[in-house]
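In the two complexes that follow, chain A is the common piece, with chain B as its partner first and chain C second.
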Partner chain A sequence: MHQSVALRPSLLRSILRVAWRDIKILVRYPTWVISLCVWPVMFPLGYLFTYRALAGPQNEGLSSFVQLAGTSNYLAYVVSGTILWMWVNVMLWTFGGSLRNEQLRGTLESNWLAPVDKTFLLIGAALADAAQMMLFMCIAWVEFYLIYGVWWLGSPWHLGLVILASVPSVYGLGFVFAALVLWAKQIGVAVNLVRGTMLIFCGITYPIAVMPGWMVRVAEVIPLTHAIRATRAVMAGDGLGEIAADLWYLLLSGALLIAAGLLALRFIQQRIRCSGTLGHH
Partner chain B sequence: MMSRAKHYLRAAGAIFRRDLRIFFRYPVDAIFWVFEPIMWLTPLHFMSRSFAVGGQNLGLAGYTGTSDYMAFLVLGGVIGSYVSSVMWSMGFSLKNEMDLGVLEVNWLTPVPVVIQLVGRSLFNLTHTTIKIACTMSLVWRIFGFSITGSIWPAFLTVLPMIIGLYGLGLGIAALVLISKNANNIIDMTHFMVNTLSGREFPITVLPKFLLGFSLAIPLTYGYDAIRGLLLGTRTLLPVATEQLLLVVVMAISVFSGYLVFRRIERRCRATGNLAHH
Partner chain C sequence: MSVPALVVEELYKEFKVKKKGGLFRRPAADEEKVFIAVNAVSFQVAPGEVFGLLGPNGAGKTTTIKMISTLLRPTRGRVLVHGIDPEKEPTRVLSQIGTVLAGERCVYWKLTGRENLEYFGTLYGLYGQELKERVSYLLERFQLAKRGDELVERYSTGMRQRVSLARALLANPKLLILDEPTAGLDPQSARNLREIILELKEEGHTVLLTTHYMEEADFLSDRVAIIDHGKIIALDTPENLKRGIRQTRVVHLEVQEWQDGVGNNLRAAGLISNYVPAYDGAARAWRVVLHLGGETTVGAVLAAYLEMGNGILNFSVEEPSLEDVFIQLTGKSLRE
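== the complex of A and B ==
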C-alpha cells in the first residue's frame, strides 16, 4: 500500500509534463512563429477593407455605422473584435482538439492508463495553449499599435484585466468542446459550428444592434460578446465601473463552463470505457 | 498510350470513389459543409446592413457601380471556394496521407503521384460545385441577391482560372513534402491570395502598395471579370483582356507547378524522408 502511494505520480507533475510536451511539439514546427506574428495583422485586413468599401469614397455609408456603433473609429472596432475571436478559434483547434489529436496519434489510450485524474491531459494542454495565446495577445496589441496605429484611451491594466477575466470562459468552453469532440470524433465540423456561431452572434465586426431582437438575446448569453464589449469600452476610455457587469458575467459564466466541461469529461469517460471506443478514429 | 490513359483514368476513378466513401462515412460533415459558407456570409451581410442607407449600400456603389453587396460577395465566395478546394485538396491531402501512414504505400503503386493528386482534387471540385449550388440557393432564400448577366461567358472565364490553380496546388503539395507541416503556410497563402484579390471588396479601396500586390495576382482579374460579366460592375481592364490574361497564366502556372513538384518528389525519393512527420 505504502509502495503504491509512493509510485503514484502527482497530478501537478503530470499536468506540467503534458504542458511541456505540447510546447515542445509546438516549437518542433517553426512555422508557428510566422503565424503568431502574421495572423493578428493579416486577419482583420479583409474586414478593414470591406469597411472602407462599404463606407464609400465620400464616406456615404459611414453615418449609419456611427449611429449604430457609437464610434467612427472602425479600425479599433474591428481589431478588438477579431483578436478575441482569433483567441477562441485557435483555442478550439489546439486545446479543444487536444484529446482528439491524441486519439489520432494513437497515444490517447496509453496516456489514459496513467494512474492520475484524467483531467491532467486537458489542464496541461490548457496551460500550454494559454501561454502561447498570452504571447499572441501581447504581439497582436503591439502590432496593432505599430502597424495600424490603434491605441486605447483607457488603462492597459484594465485591458489586461478583461483578458484575464475572459480566460475561465474561453477555456471552460474548451473543456466542454474537448470532451464532446472526443465522443463525436469530428473536430472540423465542431470547430466551424462554434466559431461560426460566435462570428455571427458576438458582434465581432459589426454592432449587435443591427441584428434582429432574438439574435441580440442569444448574443447576450455568449461570454465572448461581453469580453468584446468590455474591451471596446476600455479602448474608448471607460473605467472599471462601466465594465464591472461584463467582468462579473465573464467570471461567472467561466466557472459554470469549467464545471460543465469537467462533468462532460467524466460522463464521456464512462461512456467510452463501457463501449471500448477510446482509441477509435 | 491509350491503355495508359485508361489505366490512369481508372486510378483517378478509384481515388474519387475512396474519397466519396470517406466523405459519406462522416454524415455530419457532409450536411454541415452546405451550411458552413452561410456562417461566413452572415457576418458580412450584417456588416453591409450597418453601413446601409435606406437599405442600399451607396458606399459600395461609389466604388463598383453596384449597391448589391450580397451579390458581389456571393460571386466572390463562389470563386473563393474553388481556390480553397484546389489549394487544400492538393496540399492537405499529402499531409493527411502522411499522418495516416499510407503515403509511402500509395506512392509505390504504378500510378504517377500527380495523377493521384489530381484524382483527389476531382472529388473536391465535384463536392465544391454541389456545395456552391446548394449554398447559393440558400443564400438567395435567406438574404436575397440578383444576378443580371449571362452565365456561359462567366463559366468560360472560370474554367482557365481553375485549371491554372492546379499549378499553384502542385507547388503547395511540393511545399508540404519539404516542410512536413505546411498548414500554417497554406492557410496564410490562401487567406492573403483571396483577400488581396478582392473576394470580399473591390481592390480599388486598397492602399497603393497593396494594390500593386493585388494587381500581380492573376486571380484578381478572375474575380473582376466574373463580377463585370454577371453584375455589370466597372472592371479594371476590358473583360476580354482579363480573360486572355487568365488563359496565359493558366499555361504558365500548370507547367511551372508540375516542374517544381517533380523536382521535389525526386528529391524526397532520393533522401528517403517521404513518410517522416
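== the complex of A and C ==
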C-alpha cells in the first residue's frame, strides 16, 4: 500500500540547496573564469587614462580634483568606484535576472511546485551570487595591486566590513529587480536604466560634488553612493568613526530594500497566479 | 467512506485577452475580450484510480491541472485534494501531489540526473541519508542508475521525462498529476512510460493524467473525461464510452483524393452520421473515418461512394475507439 515520505521542507536547507545548484551550474560554464579575471582590469582603464591625460606629467592638473575628492590618488579613487559599480552591474544581470532565467529555462514552474515558501529561490540565488562576487572582488583587488599598484592605507578588515554592510542594499535592490523582471519579462532595458542611473549619480569615477545640487540630493539616497564613499574613506586611512554613518545607512536601506523585494515577489506571485503567466516566455 | 483523492467542482478559468495597442496607444476597455479556458468542469477521482483528461490541444486540460496544482487561481469553483483546499492551504496540497508538467525542460540540463533529484528532494523536505537513498532508489527504478551522474543535457527525451517523473515521486505523493506524459516520446519510450504509470497505480498512487492520445487514455485510465473547448462533454469508463456508440459502425477509408462535398453528399443521403478526413503525407493518401448511420450497411456506403466516381485504395471496418466517441460528440477529430 502507498506510504508517503513527505516531510516538512526546511527553508534554510532549500536556500542552501539553491545556492549549491547555482554554483554547480556556474562552474560548468568554464568561460566565466576568463571574465572574472579580465573584466576588473579592463573596465577602469578608460577612466584611468582620462585622469592621466587631465592630470599632466606631474599631476599639476589635479588641483581641483584633490580639493573635491580629498585625495590625489586617482587610481585608488577610480578603481574603488568602478569595482563597486561592477558588482551592482553583474548582480543585476545574474541575480536580478535569476527568476526570469528560470522562466526561460522552463524550470520555474517545477520550483514553484515545491511545498516551500517561494522566497527560497531568490535568497538562495542571492547567496550564490554574493559568494561569486566576493571572489570577483578579491581577484580584482589583487589585480589592481599587481597591475596598477593600487594599495590602501586603511585596514583591510574595515574594507571587508564596508563590503559586508553593502551586501543587504545591493541584494535588496536585486530582490526588487528580480521580482519586477519576472512580471515585465524584459531584463535588458531595466538593467541599462538602473546601472546607467548609478553610473551617473553615485560618483563612480568623479566626486558627486561636481553635480548640480538636485543630483547630489538624489545621489545621497542611493545606497551605492554611501558604499563607494565609505570604501574610499577606508582606502584613505579613515577609521570606523568616519564611516559609521555610511555603514548605518547601508544597513538600513538594505533592510528596506529586502523587505520591498519580498513584498514585490509576493505581489507578482499573486498576479501571475491569476494571469497564468508563470511558465510564459 | 474514504475521502476522494481529488474533487473538482464547477471549475472556471477566464483570461482577459487584450488587443495589442500601438506604441503610444493603450487598448480601450471594450477591446478587451474574455477567453473561457475552463468552463464549469466537475469530476471526482477516487483513491488509487487512474483518471484521464482526454481532449485536443487547447481544450483546457493543462489549465485544469494547473489550477489543481496551485499554479493558477481559478476564476470560480473549487478544488479539494484529499479534502484540502489549495486556495487555503497551498503548501499542504503541494506536499501531497507530484506534478509532471508537459515538456522536458522542467529539470536542469546542466545538472546530472542525481543532482537534479537531490536538489528537488531537498525542496520536498528530504535530506541526509534518506535523500541519498530515495534518489538512488528512483534512479534504479527508472533505469537511470548507470547514467545518473551524467549531465541531463546528454540524456534522450525519454530519459529526461523519466527524470521528471522521478522528481514528481521524490516525496512519494498520494496523487500524481501528469500533463501529456508521453508527448514527444518515441513509441518504445512512450510504451515504457505507460507501463511505469500502471505500476504506480498498482502501488496505490492516484493518477490524474492529461493526454490527446486516445490509445493512451484508453490503455491507462479507469475513467476518462473527454474535454473540448473547456467543457467536459463525456465522462465514464473507456468501455462505457465506447459502448455508447457501439451501434455506430466505423469504416476507415484510404483514398487518393478526397473532397468534403463527397462526405456531405453521403451524410445528406443519410448513409453516414460523421466523417473526418486527414491527409497522410507519408502515404500520400487521405485517411477518412466514416461513422455509419442507422441501419446503413457498409456495402451500401461503399457502393454510393464508388458511384460518385471515386476510387478506394483500402478500407477496414473497426470497433469504435475513444477517438470515434470524440468524433461522435464533436464532429471533429482529436488531432484537429
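Points worth noting:
Throughout what follows, the second predicted complex is superposed on the first by the 268 of 281 C-alpha atoms of A that agree within 3 Å, B and C clash if a C-alpha of one lies under 4 Å from a C-alpha of the other, contacts with A are read in each partner's own complex, and residues count from 1 in each chain.
To be clear about the criterion, a contact is a pair of C-beta atoms (placed from the backbone, for glycine too) under 8 Å apart; a residue touches a chain by one contact, two chains touch by 3 or more.
None of the values given here were measured: they were computed from a predicted structure.
Because the two structures share chain A, they can be overlaid on it, and in that overlay chain B and chain C fit beside each other without clashing. For the combined model, the angle formed at the CA centre of chain A by lines to the CA centres of chain B and chain C equals 80 degrees after rounding to the nearest 10. In the superposed pair of complexes, A:109 makes contact with chain C only, with no contact to chain B.
Looking at the superposition, the partner that touches the larger set of chain A residues, chain B or chain C, turns out to be B.
Of the two partner chains, neither chain B nor chain C is touched by A:217.
Judged by the touch definition given at the top, the superposed model places A:275 against chain C, while chain B stays out of reach. Shared-chain residue A:35: touches chain B; no touch with chain C.
When both complexes are overlaid on chain A, the residue A:188 reaches chain B alone and has no touch with chain C. When the two structures are aligned on their common chain, the gap between the nearest CA atoms of chain B and chain C comes to 7 Å.
In the superposition on chain A, chain A positions 29 are in contact with chain B in one complex as well as with chain C in the other. Every residue of chain A that touches chain B in the complex is listed here, in rising order: 29, 31-32, 34-35, 38-39, 42-43, 45-47, 49-65, 68-69, 104, 184, 186, 188-189, 192-193, 196-197, 199-200, 204-207, 210-211. Taken in their complex, chain C has these residues touching chain A: 13, 15, 63, 66, 69-73, 91-92, 94-96, 99, 101, 103, 105-108, 110-111, 115, 118-120, 122-127, 130, 134, 151, 164, 167, 171-174, 203-205. Per the touch definition, chain A reaches chain C in the complex via residues 1-10, 13-14, 17, 20-21, 24-25, 28-29, 105-107, 109-117, 120, 273-276, 278-279. Contact residues of chain B toward chain A in the complex are 26, 28-29, 32, 36, 39-40, 42-44, 46-53, 57-64, 69, 99, 179-185, 187-188, 191-192, 195, 199-202, 205-206.
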